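Down below are the structures I want you to see.
In the two assemblies presented below, subunit A is common to both, partnered first by subunit B and then by subunit C.
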Partner chain A sequence: MIEFLNVTHTYMNNSELAHNAISDISFNVSEGEFFCIIGQTGSGKSTLIQHINGLIMPTCGKVLVDGFDMSQKKQLISGRRLVGMVFQYPEHQLFAETVYKDIEFGVANLGITGDEAHERITSAMEAVGLCVSEFSEKSPFDLSGGEKRRVALAGIIAMRPKYLVLDEPMAGLDPMGRQSILSLLQQLQSELGITIIMVSHSMDDIVHVATRIAILSRGKIAAIGTPGEVFKNCELNAMGLKLPQSIQLIRSLRERGIEIENDMLDEDAIADELLRRYLHA
Partner chain B sequence: MLKDITLGQYYPAESCIHRLDPRIKLLAMTLYIVIVFLAQSLYMFIPLAAFVTAAILLSKVPISYMLKSLKPLKWILVFMFLLNLFLTKSGTEILSFWIIKLTTGGIYKAFFISIRLVFLVLGTSLLTLTTTPILLTDGIERIFSPLKVIKFPAHELAMIMTIALRFVPTLLEEADKIMKAQISRGAQIDTGSVFKRVKAMIPILIPLLVGSFRRADELAMAMESRCYHGGEGRTKMRVMKLTLGDGICTLIMISLLAIMIILPQIFPMLAIMP
Partner chain C sequence: MIELISVSYGYNDSEDVISDISLTINDGEFLAIVGHNGSGKSTVAKHLNGLLLPRSGQVYVNGLLTSDEESILTIRQNVGMVFQNPDNQIVTTVVEEDVGFGPENLGIETPKIWERVDEALELVGMTEFRKRAPHMLSGGQKQRLAIAGVLAMHPSIIVFDEATAMLDPKGREDVIAIMKDLHAAGKTIVMITQHMEEVLLSDRVIVMNAGRIAMDGTPTQIFENADKLRSMGLDVPLPVAIRDKLNASGMNIPASVLTLDSLADEIEKRLSR
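For the complex of A and B:
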């Protein structure tokens, strides 16, 4: 379990330019969840998730990963092994001569070599949909943007983290690319039981995959809960966020007198439901 | 991690020093450096100190901020002080121990050189503290533009400086991000032997290099698509105009120069080192 206990982070502490990126944040993420953090640019999302890997230390409060206090140096190392971190545009961090070697970097840093390393690397490549025989010996710099991102993701997945933290993993990809990354993450969560914590600023991407959503606004949690709860109770427009299109559709149908009980249907399911009613009428 | 590094240490404030024309400020600073070297004794630092104090007060830059600019210099200062203290052999001998000899001349010279260095740094950092880097490069371009006649690329030079300054924070941010990304992949940057640490820099330096080429490429493309073709025939958005303040500043600098030249002529004892 990942626990945030009253975490505050102040940038440029002790100077005139000091400002709180996040203030007094507390929440838990349980194992097996697909937890999404949503908020406008500048709401503190990236700052928040970097705490999970101890890359940023809280100014006040505590972050616990499976009970390891990430602000204690000794516990930090153990905690870090549990958390895989995928930054925005992770393809910018590729450096090795071949795709294989780049994915190997993280695995080798864990002290894993030989057959087990090879097994991890190839299975990570397969997981992200990169053909092992085709890509292993290619230079990562010769790949397309989407392929590079897959290599970067494989580099983290090969480390077999218990928690996978991603900062806008779909940014700058086309709709097909977005969908394939999203279904990959869902697969990791449901088949391998990896807990996923994902930052996004688009509701549409996450509404149908998230088990829980936290909405971040000006460094504070404005709402937290299942997607249904959050969309029912929270004024998203006031925070500069848009409702997912499927929910907008359901609401405007409702205004026109067509009642669809289940708020959480996706566009296809709404179309099926409408068609069913039309055929019955 | 790298966020705490401040470069291009501009201090935003509304003051008459901030408002001065960057060309005048640049020329005044050049003159100031000459003036500092004109001072040949500790006494001659008194008018200089009065001038610097007045300028700092007028600029509204906090004294603590000014003193911070001296911080990176502390080891050079200590080194210069000790070097002069023990290697100058003039005046009366105070202490003699093995090969080390302490003389009154040495003490005097050590203080003299250190104070001169402090004056140099204070004056020049006042320029960078009160002028934005963009204005500064603009000023440099204008000062050197008469040299265009002899094919001196004043505009291109200023543009290179502007771009370099512009990308310092961007590259720092990128380096920070890549460092964090590799740390979370288990890279150990700050432990191990020197050899190990150098090797650990590779996963950071290569993406940084690739990234800066990517940015350079993008920037060149963006500039070209806006029809950038160098300095020829290019007009300025900010036209620099000299104001009354610039005139006063010039007068003050010239009178300071005059004082520093004339004073030792009238009072010869001021110029002599004991």
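For the complex of A and C:
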């Protein structure tokens, strides 16, 4: 479990420019969740997730990863091994001559070599849908944008993190690319049991996958819960965010006197419900 | 007007990235170019102001050939480009100076430059930030600044190459509002995008696939073909997906229904018979 206990992070503390990027944040992420964090630029999302593997430390409060206190040096090392971080545009961090060597880098840093390393690298490639025989010896720089991102993800997955933290993993991809990264993450969650923590701007993408959503506004959690709960109660527009289109449609129909269950987030479910009424009208 | 005549291009000695592209972009048009990653849409965009020159074929901008060195400055002044990453498009340390950078390079006299700077900042709603340092701005504000820099050149055609891809929803909305304003003011807009909702702003859509033009039509025409778009790695906006599903069971919603509001109107009519 990941626990945030009253976490505040102040940039440029003890100076006139001091400001709290996040203030007094408390929440938990349980094992097996697909937890999404949304918020406008500047709402504190990136600051928040960098605490999860101890890249930055709370100014006040505590972050615990499976009980390891990430502000304590020795515990930090143990905690960090559990957390894989995928930053925005991770393909910019590819560097090796071949796809295989790029993925090997993180594994080797864990001190893993030989057969086990090979097994981890090939299974990570399979997990992200890169054919081992076709891609191993290719240069990562000859690949398409979507493929490069898969290589970057495989590099993290090969380290077998228990928690995978991703910052806007679909940014800049075409609709199919977005969909395939999203399905891949869902698969990692459901089949390998990896806990996913994902930052995203796109409501339409996360509405189908998230077990819970936290909405961040001005460094505080404005709402937290299942997608149904959050979208029912929260005034997202005021926070510079947009409702998922499926919810916008439900609200728009309600204004016209057609009531549909608000927790029906899936477009197919909405269409089915409308058809049922149409055919019985 | 921009005319591409059988344009092909490839990097170095490699295969063609775009092949045999013929396309006319008319004055005052709002053209969207879509396609999956690697379909060649950005390569087409870079031909529109001579950033890339065709391997074979020609590109004319208002009658001037992009491969003619004598014409290239006039062409670049006429066709402004806004790119994906705002950080790569900012050159100075003060907002207003950044906007003045382009016209200064055109050799325009100083008072006229300031007139252009004032006007451009006003158009993108950035006047209050004119004395700020660009690196302190948000992504959306930086992108508005980049647009102001382009506008100060007084181009007749503006190409937005995935200019909203790195922005949050608010920043994206701001940039879209500016595109609409510029189009209403008579500028020709070419928008390269991955976002199918943005396509609805345009009056004509080009779909690129494997380096060729696969579809060319109005948004209504393009979105009548959801399956074909999906087969090319693209998608349709959610209202269109729901519309198609309802129509498959006989709800007969017209193909011109592309937005949530018009879809809700049509559903209301059919459920309250």
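Everything below uses one rule, namely that the second predicted complex is superposed on the first by the 280 of 281 C-alpha atoms of A that agree within 3 Å, B and C clash if a C-alpha of one lies under 4 Å from a C-alpha of the other, contacts with A are read in each partner's own complex, and residues count from 1 in each chain.
Note that a contact is a pair of C-beta atoms (placed from the backbone, for glycine too) under 8 Å apart; a residue touches a chain by one contact, two chains touch by 3 or more.
Note that the coordinates shown come from a computational prediction; the quantities given were computed from them, not determined experimentally.
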Thinking of the overlay built on chain A, is A:212 touched by subunit B (first), by subunit C (second), by both, or by neither?
neither
Classify the contacts of A:51 with the two partner chains as first (subunit B alone), second (subunit C alone), both, or neither.
neither
For A:242 in the superposed arrangement: first (subunit B), second (subunit C), both or neither?
second
Which chain, subunit B or subunit C, ends up touching more residues of subunit A in the combined arrangement?
C
Once the structures are superposed on A, label A:156 by its partner contacts, choosing first (subunit B), second (subunit C), both or neither.
first
Tell me which partner A:109 touches in the superposition: subunit B (first), subunit C (second), both or neither.
first
Subunit B versus subunit C as contact partner of A:95, first or second or both or neither:
first
Contacts for A:145 in the overlay, against subunit B (first) and subunit C (second): which applies, first, second, both or neither?
second
Footprint overlap on subunit A, where subunit B in one structure and subunit C in the other make contact:
none
Interface with subunit B, subunit A side, in the complex: residues 11-12, 50, 53, 55, 80-81, 83-85, 87, 90, 92-96, 105-106, 109-110, 141, 155-156, 159
Residue ranges of subunit B in contact with subunit A within the complex
3, 174, 177-178, 180-188, 202-203, 206-207, 210-211
Touching subunit A in the complex, subunit C uses residues 35-38, 84, 138-140, 162, 165-171, 194, 196, 230, 233-235, 237-239, 241-242, 245-246, 249, 251, 260-261, 263-265, 267-268, 270-273
Sort out for me which residues of subunit A touch subunit C in the complex.
40-42, 144-146, 171-177, 179, 201, 204, 240-242, 245-246, 248-249, 252-253, 255-258, 267-268, 270-271, 274-275, 277-279, 281
